[in-house]
Amino acid sequence: MFAHNKRLQYTVRVSEPNPGLANLMLEQFGGPQGELAAAMRYFTQGLAEDDPGRKDMLLDIATEELSHLEVIGTIIAMLNKGAKGRLAEAIDQEAEAYRALQGAGNDSHVTHILYGGGPALINSAGQLWNAGYIDSIGEPTADLRSNIAAEARAKIVYERLINVTTDPGIKDALAFLMTREVAHQRSFERALYSMTDNFPPGKLPPVPQYANLYINTSQGPGDMRGPWNQGEPWEYVDDREEQLDVDGGGGSATVELDGTSADAVAAMADRLASDPTSEPLTGLDLGVGAPKQRDGEAV
Amino acid sequence: MFAHNKRLQYTVRVSEPNPGLANLMLEQFGGPQGELAAAMRYFTQGLAEDDPGRKDMLLDIATEELSHLEVIGTIIAMLNKGAKGRLAEAIDQEAEAYRALQGAGNDSHVTHILYGGGPALINSAGQLWNAGYIDSIGEPTADLRSNIAAEARAKIVYERLINVTTDPGIKDALAFLMTREVAHQRSFERALYSMTDNFPPGKLPPVPQYANLYINTSQGPGDMRGPWNQGEPWEYVDDREEQLDVDGGGGSATVELDGTSADAVAAMADRLASDPTSEPLTGLDLGVGAPKQRDGEAV
Amino acid sequence: MFAHNKRLQYTVRVSEPNPGLANLMLEQFGGPQGELAAAMRYFTQGLAEDDPGRKDMLLDIATEELSHLEVIGTIIAMLNKGAKGRLAEAIDQEAEAYRALQGAGNDSHVTHILYGGGPALINSAGQLWNAGYIDSIGEPTADLRSNIAAEARAKIVYERLINVTTDPGIKDALAFLMTREVAHQRSFERALYSMTDNFPPGKLPPVPQYANLYINTSQGPGDMRGPWNQGEPWEYVDDREEQLDVDGGGGSATVELDGTSADAVAAMADRLASDPTSEPLTGLDLGVGAPKQRDGEAV
Amino acid sequence: MFAHNKRLQYTVRVSEPNPGLANLMLEQFGGPQGELAAAMRYFTQGLAEDDPGRKDMLLDIATEELSHLEVIGTIIAMLNKGAKGRLAEAIDQEAEAYRALQGAGNDSHVTHILYGGGPALINSAGQLWNAGYIDSIGEPTADLRSNIAAEARAKIVYERLINVTTDPGIKDALAFLMTREVAHQRSFERALYSMTDNFPPGKLPPVPQYANLYINTSQGPGDMRGPWNQGEPWEYVDDREEQLDVDGGGGSATVELDGTSADAVAAMADRLASDPTSEPLTGLDLGVGAPKQRDGEAV
Amino acid sequence: MFAHNKRLQYTVRVSEPNPGLANLMLEQFGGPQGELAAAMRYFTQGLAEDDPGRKDMLLDIATEELSHLEVIGTIIAMLNKGAKGRLAEAIDQEAEAYRALQGAGNDSHVTHILYGGGPALINSAGQLWNAGYIDSIGEPTADLRSNIAAEARAKIVYERLINVTTDPGIKDALAFLMTREVAHQRSFERALYSMTDNFPPGKLPPVPQYANLYINTSQGPGDMRGPWNQGEPWEYVDDREEQLDVDGGGGSATVELDGTSADAVAAMADRLASDPTSEPLTGLDLGVGAPKQRDGEAV
Amino acid sequence: MFAHNKRLQYTVRVSEPNPGLANLMLEQFGGPQGELAAAMRYFTQGLAEDDPGRKDMLLDIATEELSHLEVIGTIIAMLNKGAKGRLAEAIDQEAEAYRALQGAGNDSHVTHILYGGGPALINSAGQLWNAGYIDSIGEPTADLRSNIAAEARAKIVYERLINVTTDPGIKDALAFLMTREVAHQRSFERALYSMTDNFPPGKLPPVPQYANLYINTSQGPGDMRGPWNQGEPWEYVDDREEQLDVDGGGGSATVELDGTSADAVAAMADRLASDPTSEPLTGLDLGVGAPKQRDGEAV
């Protein structure tokens, strides 16, 4: 069960309202690499986890991410506070209010007209948060790798936000949040490697004859070799013909149909056959130049 | 530029139509861990990449994933072929056709009524593919970790599909596709570690005083210690009070407002003030039991 | 800041696995009327709220809804536990595993193939949760009404789930969750009516001449009168002509264009003019019967 | 059945084109609180309604909302008319056309490049309208509350749009539309309270021992009491321990598994066990500083 | 402005409830080829149209499609009526109610648990309707072609629904709706060809040297010639080398950067350079077999 | 199987970075009329196609569209290259970086903060690409018409992009891409008309008595006649009464319920009956003016 304390995990000091900056901050509130996605990623994994160590860790970090959602959301609320009050109370003349919305930059208009200045679960372009941002699949050897990657991405987006912010109080809070992603990445790395045999993920072994092929499908200027495709254990497949039909079965597709189904498929093919020898007049020909007259009979 | 050869990378042999199984296969065609997501993930990264080695590798693997999309899509087309023809040509009696749709299992009805039996870019529940499944952010130290995780997830989903398939030809093709995900994971690992200093991702360093805290936010039965929160470099923060306001600034949120904005916020607060001492009659009170009469004046 | 205790707010006792029932429960986990939507609805409102009473209440209830998300998610995890293990460890023969997935009912296959049996933020049809489910707009006289309605809806969905559940432990937990929605509705009602003048919402007054019209736009068999359109203050507008152009300005649409724009619009109109006197031959005419021959010149 | 008259319900007079303002107006055309959502909300409820009074009212208001969709869409078409013609006919130099798109403000560029200046079913940030905006659940004691809230929200969004508009003809039309939302709210309120016993919604009674608890989950600076949590009938639960496990069952989660399933779960746990006593080297350790060499054998 | 008559455009006679069939019918209510998409497609085009003939036609057909939405929605309401009442009033035992939901087939459970048996704006798989289904772009030479295609698709989906329906009253209504799509297709064809020079759409002419190339990008077994790639005016490009870099500029990509930007790009490249000569140990190597010990120093 | 050559189909020469223009180009990368939608539309159709001629053509054009996705994506990467490097390496002061983001125009901020300057599968407003943009239904007489329309739309969007671009290298590449859409439209037209009897699409014939009605549902100022509703074969239905209930069955809706279901429906109706004779006090009445006091008893 959750409990909440109204004190934040990190103090938020905003030096002045800035709806344009508020809008950029939405990236980490309702964006794909943001804190709701992080919290829900770990929380849903934690609910399904049976290993006591991982379960505890997932719930610890999920709970902290909810507290980060609160910090970043509070920054947004502070940055929007002035504009929110002015619009709601119609303090400004209409023209001034319109210019303020347009001049605030990027998409902050939607935050004010639709959401009334509150933090909304959208990214900085107004895209609604959706659960497709969460990629948990319920297998820890995969999910921990997903979590490591998610923390790396979130670290970078915070870094970019820091690079466009001048307000020192916000920079401090963002640096804190960025740092915590690094710490979480470390926890997930440790958890992954405290499982024996985490590679390949899952139970089924790869098929040996295909496991070490590197298939050079993109050729031409810029072809490169490096540890990702040379040295042990790689077998480098460069020949276009060898890249095809690697099982040697012909590279075609077949299905066995029963009689009725085969007849149905044949009837469909017959009904919809294209005639490669025709030279049809088409709608396009009719569309060039002056209209042609209809006369009851087709042409 | 792309070129295409009508021979498949792996031969598809389906022993009989099975629309229910076709529907499950959609998971790897238009699902979040499927081949379109993989191909587009690497292709978009490759277009933006400046490092020649990674660019080449990303385009190689993207192109191969498109060929896998073709293999899994072809399996789906073969599994649906009979039912597609029967419905299109209305071979069956209506009642029989209805029962066939219902009996095929899970959501295959939508594939037939809406998509006509063709492979559609939906997952096995009919959820439309969307680009939120792709988490590329344009920083290789993060994106390569995302790719490693994506390959791990795709490996697992193929493993699950293999576990519910009896058709030997399909099992073979799925095992091939599963194996290639393992090979790709290896390439991405090698590419990540051929960059010096890939951790922490990005340029900005973490804030030292927050980088090694493990904050035990979830407490109670099941609290655990392990390498993810004990030993070097962890500082374990267990005390509820110390978890709050880690910067010591008070844990509150503030913003400096100019006079007009401050007045607007005050006016808004005043207009919308809740009276904590009131004992209001509410709509809910009116909704219990018999209707109360309106009489022009409010009560 | 949030804290978590691994004890649940309500004990979950599931008498046996049932993936089909688990799937129905997703409605209140990742569905539009479910607990994530509730928690995020109140949490985002709370972050933006300036009135101390409402802010506290919103954070109290948001935090409780997160705990309900945990309860319903835990029910789902328990109901799926057996099937999850069997599929992951490939305990069953493939055919048996396939039949188990199909026989579990409704869409539970996607939970297992894609999400590995864990609770996912989807509804019972696999639709990804999205933030469009949250309708907060940052004005308490509207948002509290939205919250009242949301609690009413959630109460009903729990009622329906109770009506299809036989497991007594799950019924108990659902009844608890249902009851809490009723309590929350009461809190929101009280908060709404502890604001003076909460109707009409917002600041701008309605235009008097249009405020009391009831426009009978749907006529014919079934026309009814009742307190929603008769008695004080209603003016019932039945005449089709009077329903149109209520301002008496003609009911047309006009815009003043400068010369260059007017010319551009005229040029566009000219280029795209349809000729009402033509009797054109169309692509459709060509599509009926045998193909017509193209001969260089159009017909 | 529907009929249409080309005269509008309210005359639209736009004094000059303004693509930036057009874009803001999209909020009430294709946005979540807009007229399509309103029309479809009431129309779908009306189709399923059996009570003759409510059915008639729902169809009346749905039909009027379609007419409002027409009014707001017509305003958008008028505001965009000049820019639409200029872009389509390439009247301006490219650089001028580019600057015009950028200078129009907010997201109006997408309206012009993608939608050609026509009103599209998107909100002011370009987010596609989706049916998740509609929250009907087919129980009138809930749906009428949802409708009341929806009208309150739409009233506020119109108010905000009026506050940023200077064109008197548009302000008039928006004021009309805003006023009608107030009238509709009244109809829905009357319809709700003309049902006896509309609270609690639905049939199942709440569980008495949990119905009057107010659980103070958010504590710390800012804790408040008011009619939403004090006085009759509230029982205020402040103690953290009492908030947990309110049924006294222990607050844990259990499920009964049969032998095979229990074995499968145990096997899975064993395969994926994390070793809390390990001190694993991780990928992260490898990523710090210079690359480490691989030599066939792992380290 | 719209008006409504409670009599339907076509009488709906349903011989018995069938929630499974109701669910299939959702395809034409809230599915991508359904009536809402049709109505909104033509309505939004009509609002923006300046040509009086097309505007009138678009509004005529849009209004009729709304009436079709009403017919198909009414069919769904009738098919669900029994199940809706039974679930709402909890007439059945829980186990019986559960079996009824599961036995009704496909995804009808979501209609009942979430939407209470009413017609919802989802397709038969529960996918929420979204405005991405509408492809209007505000240029009649394109939009009319889109409308022709949309009518063709809707005709086919109705045909498939007829093929799985045995209820004669529903078959009649579906045949009516299917027929109207054919009539609408004819209107749109006529409107397209009553514009002079509708091909190529728009104003800008194609570049002559690329306009008649057919590029045989897919080669191998199954290569075919037909009127779509042979005869006048086609130039068939078969040679792989000629398919590339058709402008002869080299097929590379370049951009001119100023000095500061070029330096930034170089710095980024340097920071993120992959070392093709390295033989790095990777996380994957660590994941194979027994855990490796960390000892403060990296390996 | 696919192969890739690193040379582009068309050389990309960008004269200087321009993130605002890059953002507009996203329309044809990840927008609804863009190249991914085109490639996937034809590729999925091709996989399901049995006619050898159409299959080959669909795969040829799908493959070319992938190469176009590469060209447009490469343009975007070049236009963003400078800004990407500057933000990643934090070359600019924060204030300068912030102004650069805001000044770049439209929504390019999201490309940089979230996607790091790489081409993302979003449109120019940041809307995530989704598979609802693809309207294939697996019947060639419909799908070919959809493809014709899709090419027409794409041609127009390229035309608009050309109209706002001054960079000659980009204009050239866009003109090439635009031209290819025209060529593809021709191929699809030819393929459609090389099928005998492609109208009406599908197999079921229309119902003769409804096939030639033109129903004048939108009346009033602007009613027009033209070939789309006059002449052969149209029967113009102008009378409002005749438009209703065209089958003469009464225009009502009925369903036969068994006894238990009928009882359930009646019970539900009874429970939820609205009382048209009541004059209820409502929540709204309570909301006007000062709060009313609750006193245990309802009013």
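A few points about this structure:
The chains carry the letters A, B, C, D, E and F, assigned in the order they are written, with residues numbered from 1 in each.
Basically, a residue touches a chain if its C-beta (ideal position, glycine included) is under 8 Å from a C-beta of that chain, and two chains touch if they have at least 3 such contacts.
Every value quoted in this text rests on a predicted model; they were computed, and no experiment measured them.
Annotation of subunit B and subunit C: jointly contacted by A, D, E, F, touch as defined at the top.
Across the two candidate interfaces, D-F and D-E, the one carrying more C-beta contacts is D-E. Subunit B and subunit F have Cα centroids separated by 23 Å.
Annotation: 21 Å between the Cα-based centres of subunit C and subunit E.
Among the residues of subunit B, those in touch with two or more other chains are 1-9, 32-33, 53, 56, 59-60, 62-64, 67, 74, 77, 84, 88-90, 107, 114, 116, 122, 125-128, 130, 132, 137, 139, 141, 148, 156-157, 162, 185-186, 189-194, 196, 199, 203-204, 217-218, 221-224, 226-227, 240, 243-244, 251-252, 265, 268, 271, 274-276, 278-286, 288-289, 291-292, 294. Within the complex formed with subunit F, the subunit A residues making contact are 20-21, 24, 27, 31-33, 105-107, 123-127, 156-157, 160-166, 171, 217-223, 240, 243-245, 251, 265, 268-269, 271-276, 278, 280-285, 294, 296. Here subunit A touches subunit C in the complex through residues 1-9, 30, 36, 40, 43-45, 47-48, 56, 59-60, 62-64, 66-67, 69-70, 73-74, 76-77, 80, 84, 88-90, 114-122, 128-132, 134, 136-139, 203-204, 275, 278-283, 285-286, 288-289, 291-295, 298-299, going by the rule given at the top. Residues of subunit D that touch subunit B in their complex: 141, 189, 192-194, 196-199, 221, 224-227, 231, 252, 274-280, 283-284, 286-292.
Within the complex formed with subunit F, the residues of subunit E that make contact are 5, 7-17, 32-33, 52-53, 55-57, 59-64, 67, 74-75, 77-79, 81-86, 88-89, 91, 130, 132-133, 135, 137, 139, 141-142, 145-146, 148-150, 152-153, 155-157, 159, 162, 172, 175-176, 178-180, 182-183, 185-188, 190-191, 193-194, 199-204, 206-207, 210-218, 222-224, 226-229, 240, 243-258, 260-268, 271. Across the complex, subunit F is touched by residues 1-7, 50-51, 53-54, 87-88, 90, 94-95, 97-98, 101-102, 107, 109-110, 112-114, 116, 122, 125-128, 139-141, 148, 185-186, 189-196, 203, 227, 232 of subunit D.
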